[in-house]
Amino acid sequence: MVNWTDLTFEDFKKLNRDNVLVILPVGSIEEHGPHLPLSSDTDQAIFVANKISEKIESVILPSIYYGNTDLDDFEGTITVSFDTLRSLIYDILLSVIKWKFTKILIISGHAGSIHMAAIRDAAIKIVRENTVKIMFLSDYDIAYELRGNLVPENDSHAGLIETSRMMAIRPDLVKKDTKFLFHGKGKYMIIDNYSSIYPYGTLSDPSGATRELGEKVNEYIMEKLIKLIKENFSL
Amino acid sequence: MVNWTDLTFEDFKKLNRDNVLVILPVGSIEEHGPHLPLSSDTDQAIFVANKISEKIESVILPSIYYGNTDLDDFEGTITVSFDTLRSLIYDILLSVIKWKFTKILIISGHAGSIHMAAIRDAAIKIVRENTVKIMFLSDYDIAYELRGNLVPENDSHAGLIETSRMMAIRPDLVKKDTKFLFHGKGKYMIIDNYSSIYPYGTLSDPSGATRELGEKVNEYIMEKLIKLIKENFSL
Amino acid sequence: MVNWTDLTFEDFKKLNRDNVLVILPVGSIEEHGPHLPLSSDTDQAIFVANKISEKIESVILPSIYYGNTDLDDFEGTITVSFDTLRSLIYDILLSVIKWKFTKILIISGHAGSIHMAAIRDAAIKIVRENTVKIMFLSDYDIAYELRGNLVPENDSHAGLIETSRMMAIRPDLVKKDTKFLFHGKGKYMIIDNYSSIYPYGTLSDPSGATRELGEKVNEYIMEKLIKLIKENFSL
Amino acid sequence: MVNWTDLTFEDFKKLNRDNVLVILPVGSIEEHGPHLPLSSDTDQAIFVANKISEKIESVILPSIYYGNTDLDDFEGTITVSFDTLRSLIYDILLSVIKWKFTKILIISGHAGSIHMAAIRDAAIKIVRENTVKIMFLSDYDIAYELRGNLVPENDSHAGLIETSRMMAIRPDLVKKDTKFLFHGKGKYMIIDNYSSIYPYGTLSDPSGATRELGEKVNEYIMEKLIKLIKENFSL
Amino acid sequence: MVNWTDLTFEDFKKLNRDNVLVILPVGSIEEHGPHLPLSSDTDQAIFVANKISEKIESVILPSIYYGNTDLDDFEGTITVSFDTLRSLIYDILLSVIKWKFTKILIISGHAGSIHMAAIRDAAIKIVRENTVKIMFLSDYDIAYELRGNLVPENDSHAGLIETSRMMAIRPDLVKKDTKFLFHGKGKYMIIDNYSSIYPYGTLSDPSGATRELGEKVNEYIMEKLIKLIKENFSL
Amino acid sequence: MVNWTDLTFEDFKKLNRDNVLVILPVGSIEEHGPHLPLSSDTDQAIFVANKISEKIESVILPSIYYGNTDLDDFEGTITVSFDTLRSLIYDILLSVIKWKFTKILIISGHAGSIHMAAIRDAAIKIVRENTVKIMFLSDYDIAYELRGNLVPENDSHAGLIETSRMMAIRPDLVKKDTKFLFHGKGKYMIIDNYSSIYPYGTLSDPSGATRELGEKVNEYIMEKLIKLIKENFSL
């Protein structure tokens, strides 16, 4: 594994470009219930990036903590606008392709629809203007394939999978206190006060989460993801 | 010291707001000669933030690696535009003041004029629209007071002070290889290929740098900075 | 049913505001295989809007044909940028709330992720700044609940549901010629030439589509949607 | 006449490009006195587009109802900003020229100066960057040549010509009630409350309007316009 | 007459605000045939501003030379974009109203439609957000009332009126060489190479221009304008 | 010396392009104590531009009075945003290089950090996209080399140098009344009310200023500047 920023510019010149994957981990600073840290999404993205680099020759960029989220009526949550996130991703990608990398993975631990669209909108512009391959997904695109199987159909934000994964990834930051309450209602409504709908910040019940489950999910994600990376990037 | 993102939103509610300094470290991903890592500016900002938190009750935000720099014809350098950086800082500050903090320090390890103006332009907008105190500087605003005294008048980018500081802060990332060549010329010209002017990426001679000098400079910065923080924020 | 634009400004003054739903139909101009017109998404949104107005007192705004789509390497497809679509929706909503309506439904026949995020980003800004309720969804959010049940799990763009619905809604514009070919591959890749992946513009097999199926799906959508509208808007 | 959106993408491939005029009708949703519908400007643009297509081989784009107007203190009027309108027109034109059309007419039923400048600013950018001919005018640029001749010198918004034309084009939407009052004053002033100057939304007296006059004006416009199109586009 | 910028900030404090007109002269740097300087539009705006200040208590802002024009394929012509001009006017007006002036005249010697719309769009925003009166016109809005009377109907850019006025205002900058050629054609077309239509940059014949005619036109403008100012601003 | 705008477009065609310096003087409208006019920065930039043209073949553009400044709580100060200033400079430079000039000097009499960054950000974009040399500085970059020598170390805004220079350049606009008071404090703080820190708008003591000192400083600036111009532009 190589951290992009640990290198000097002279080291950098010697880097292989063609058979290397550049990974940009993106997260958020978002409430994840009373039991998970605000960094949860970023922690998971960083974990996935590091795991990939064990199997695939990779250069990892500094992770972006500052994502876009609508859960910003929960204390400590920080959100940046669609435009800010898109510009940030776009500018970073511009520099990455300037240095001749052609295989880029953006892995987002956060999967909000505006957040994802901001990154996608930046990436599509880069792809249209350059010869480069970009893969972009949230690890939750894969993790939630397990819904209805390993976990209930409705498992969601700060729920069983997410809590279990965090127990495996950053056990030092996970608390026991897993409250859950969901008032339902409001489907398809544009909402700016989610704390009125799920006051504990958990969208599904996290009780029952275990480190073992987290490891199983992480393995599932990694197996699928490594396969996709190899296929799509010929790595 | 408290990392903002280590907290849950419930932890966050209990945070003191009035007598706490929120610190946002900002750096860059910029060439620093053949001997210093691309992360140098960010490393120094993070170091300063952590040092402050030993003396002043602080909450530290995730550091921003992605700054603006004109040295982008050196391999590995990443730059984001003025607009991107300004938006990012602005959005983060908006969230910080939403959570009722009123004492904010932005410490930038990078001191490029467009980079600094982007942060300043975001901060002045926040100050005009809200009741909040923001201090903003580069640690080099203080470090370079030592020019002509501890180090030569012309000490600069990746030179004696910077190399010495990095030897004290991140010795694991510092290399021995300190080349220096400066073709001079081009004063006040708008330049987009700095590698033609100082091909080794060092704007002054770093040879002679020592960990001891670095520690001395760091102490000088911290002493001055803590004093300024206490005065300006009544902390 | 009332078309907003059929009124004079004097008629308009007499309109009930409190118990009326303003409906903004949004679509796209996008390839839908060799058998469906470029207007398909818009046609379906208009159909839904009109059907709602039979059950709920409604004022219908002129529909927006110009949406955002990535399928723009198929002939005739027109796409507008995220920013354009967001601004358009935002400005329209500003005028709608200026005239004191508080219950707004945006129904999009197109469900692309950037398209949806653009509308959502406009709507969330309006909701944050005003006292108004906005419901926003694609009719396909509901229609695809039928996947794995009435239609195969993988039913998608220009497939069985969409073709059947168009046979029920605009039979005059539906052609018999339903080709389907999907090269698979490219999952999670940022793609700017979808015609290389599904050359006929159909993402699932439309053969077997019938008007009866279309009517059944339309009824399913309307039943669910009317219920949601009544609940969320107390109408 | 061909509606762009009635086609499938396969139909579209067969379209002649060189000797075909693409027509984009643009209007507004604007008060037009107590006797004319908010759609008046758009209705007239659509009428003109359809009439042209009887004489010239044309493909007609979906009309844009959402224009820019300063009369937005009259109930029901909807305005979009200069920027929104310009972006919308620009993006649409980008797609039109992507599909190799080189002869485009933008016909606006609304003639407000900011509205017209927004469209013009988009079109000039397209013309500078591409090889394409764009004609852009309001039908009122031609209709008002009849001032001082067929109608009084001061005939204007919602007055004799406009009312007569609407009687010929959309008689179902025209009401008898033609009030007129103009307080004068305010010449060259920047005004944001036009209802204080002409409370009935009519800028000149519409009484005396007839369907016959409307037809005569429409014929005059069409004759002039067809001639201009043929000359300028060699069609 | 008072030049805004001649004052110290202490002088400024003593300025009357209520019965004073702030004048912002706007021009362009645009070809005006082989006989008139690029500054012509600005010269005329400055002249008018100064003349007003002889009759009305005024504070004159530094004039803006940098306007928007489409004639930018003639050598030396400088154009700024709609957005730049609008922002510039907006920011200046913001400062003017900050200092409590409520009567503002923007007089533009240039009358291009995009140029005028940019200024208008800035001014309307200011008027909507503040309590201030803004008058905005081109002196040519008045001057061209003389078409068909003192000068031919088709008198236009760099023609009889404009040349005569410049002979009266800046005789030192007027040359004898008045060429005129107009290829006609292109009505309503979006044109980016006007030099192909009127190669000498004159849109109507300037021969026959005299200083006396210029003075007459100037007097006509001033009489009308002073009257309008007095009426609209109660000055 | 040639004023760009005094020329006709025909004169312009005959201009030498290769061995000519285009000069754009930029200033501000900013308080300069009770003794100096709001135009001080612009006056000095114009003076420098004119002086250069005595030694170097030059074409001088109309000067820009409207700069960016944070001192906008002093009466009469006008500020434009970073974005406005950057756009203005960028658009002007675009036109200048369109007319084939390759040697451009931007001389700013104002040296605020955001103001300077705005101009720099415009200029760097131009340099990256075109083959052109741009020199950009404030005359104060040179003048303040005299600090600690001809004037005290802390000489600053509206102080000894600036007052003396204005006595030499625009004696008609300089007043005797030189008050000075500086509350200190606030170093590195983001400040939006500078009048609370130096109520008289003078950042250092201007008493003792003389025309002779001003002339000496001006000569120093000109000597250095002419040398730099000759070196950098081979003029």
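Every chain is named by a letter (A, B, C, D, E and F) in the order it is written, and numbering of its residues begins at 1.
Here is the rule we go by: a residue touches a chain if its C-beta (ideal position, glycine included) is under 8 Å from a C-beta of that chain, and two chains touch if they have at least 3 such contacts.
The shown structure was predicted, so the numbers you read here are calculated from the model rather than taken from an experiment.
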Superposing rotation of chain E relative to chain F, computed on C-alpha atoms, to nearest 5°: 180
Remotest chain, chain A as reference, centres from CA atoms: E
Contact-richer chain pair (by C-beta pairs counted) among D-E and A-B: A-B
Proportion of interface numbers common to chain C and chain D (over half same, under half different): same
Matching chain pair for B-F (criterion: over half of the contact pairs shared, by residue number), options D-E, E-F or C-D: D-E
Centre-of-Cα separation between chain E and chain C, whole angstrom: 48
Geometric centre distance via CA averages, chain C-chain A, whole Å: 29
Interface hub residues of chain B, defined as touching at least two other chains: none
Chain contact graph, described as a line, ring, star, complete graph or other shape: ring
Going round from chain A, first to chain B: chain order: A, B, F, E, D, C
Of chain D, residues touching chain E in the complex: 70, 82, 113-114, 116-118, 120-121, 123-124, 126-128, 133-137, 141, 185-192, 228, 231-232
In the complex with chain A, residue positions of chain B that touch it: 3-13, 29, 31-39, 42, 61-62, 64-66, 72, 74-81, 83-84, 87-88, 90-92, 95-96, 98-99, 173, 175, 177, 201
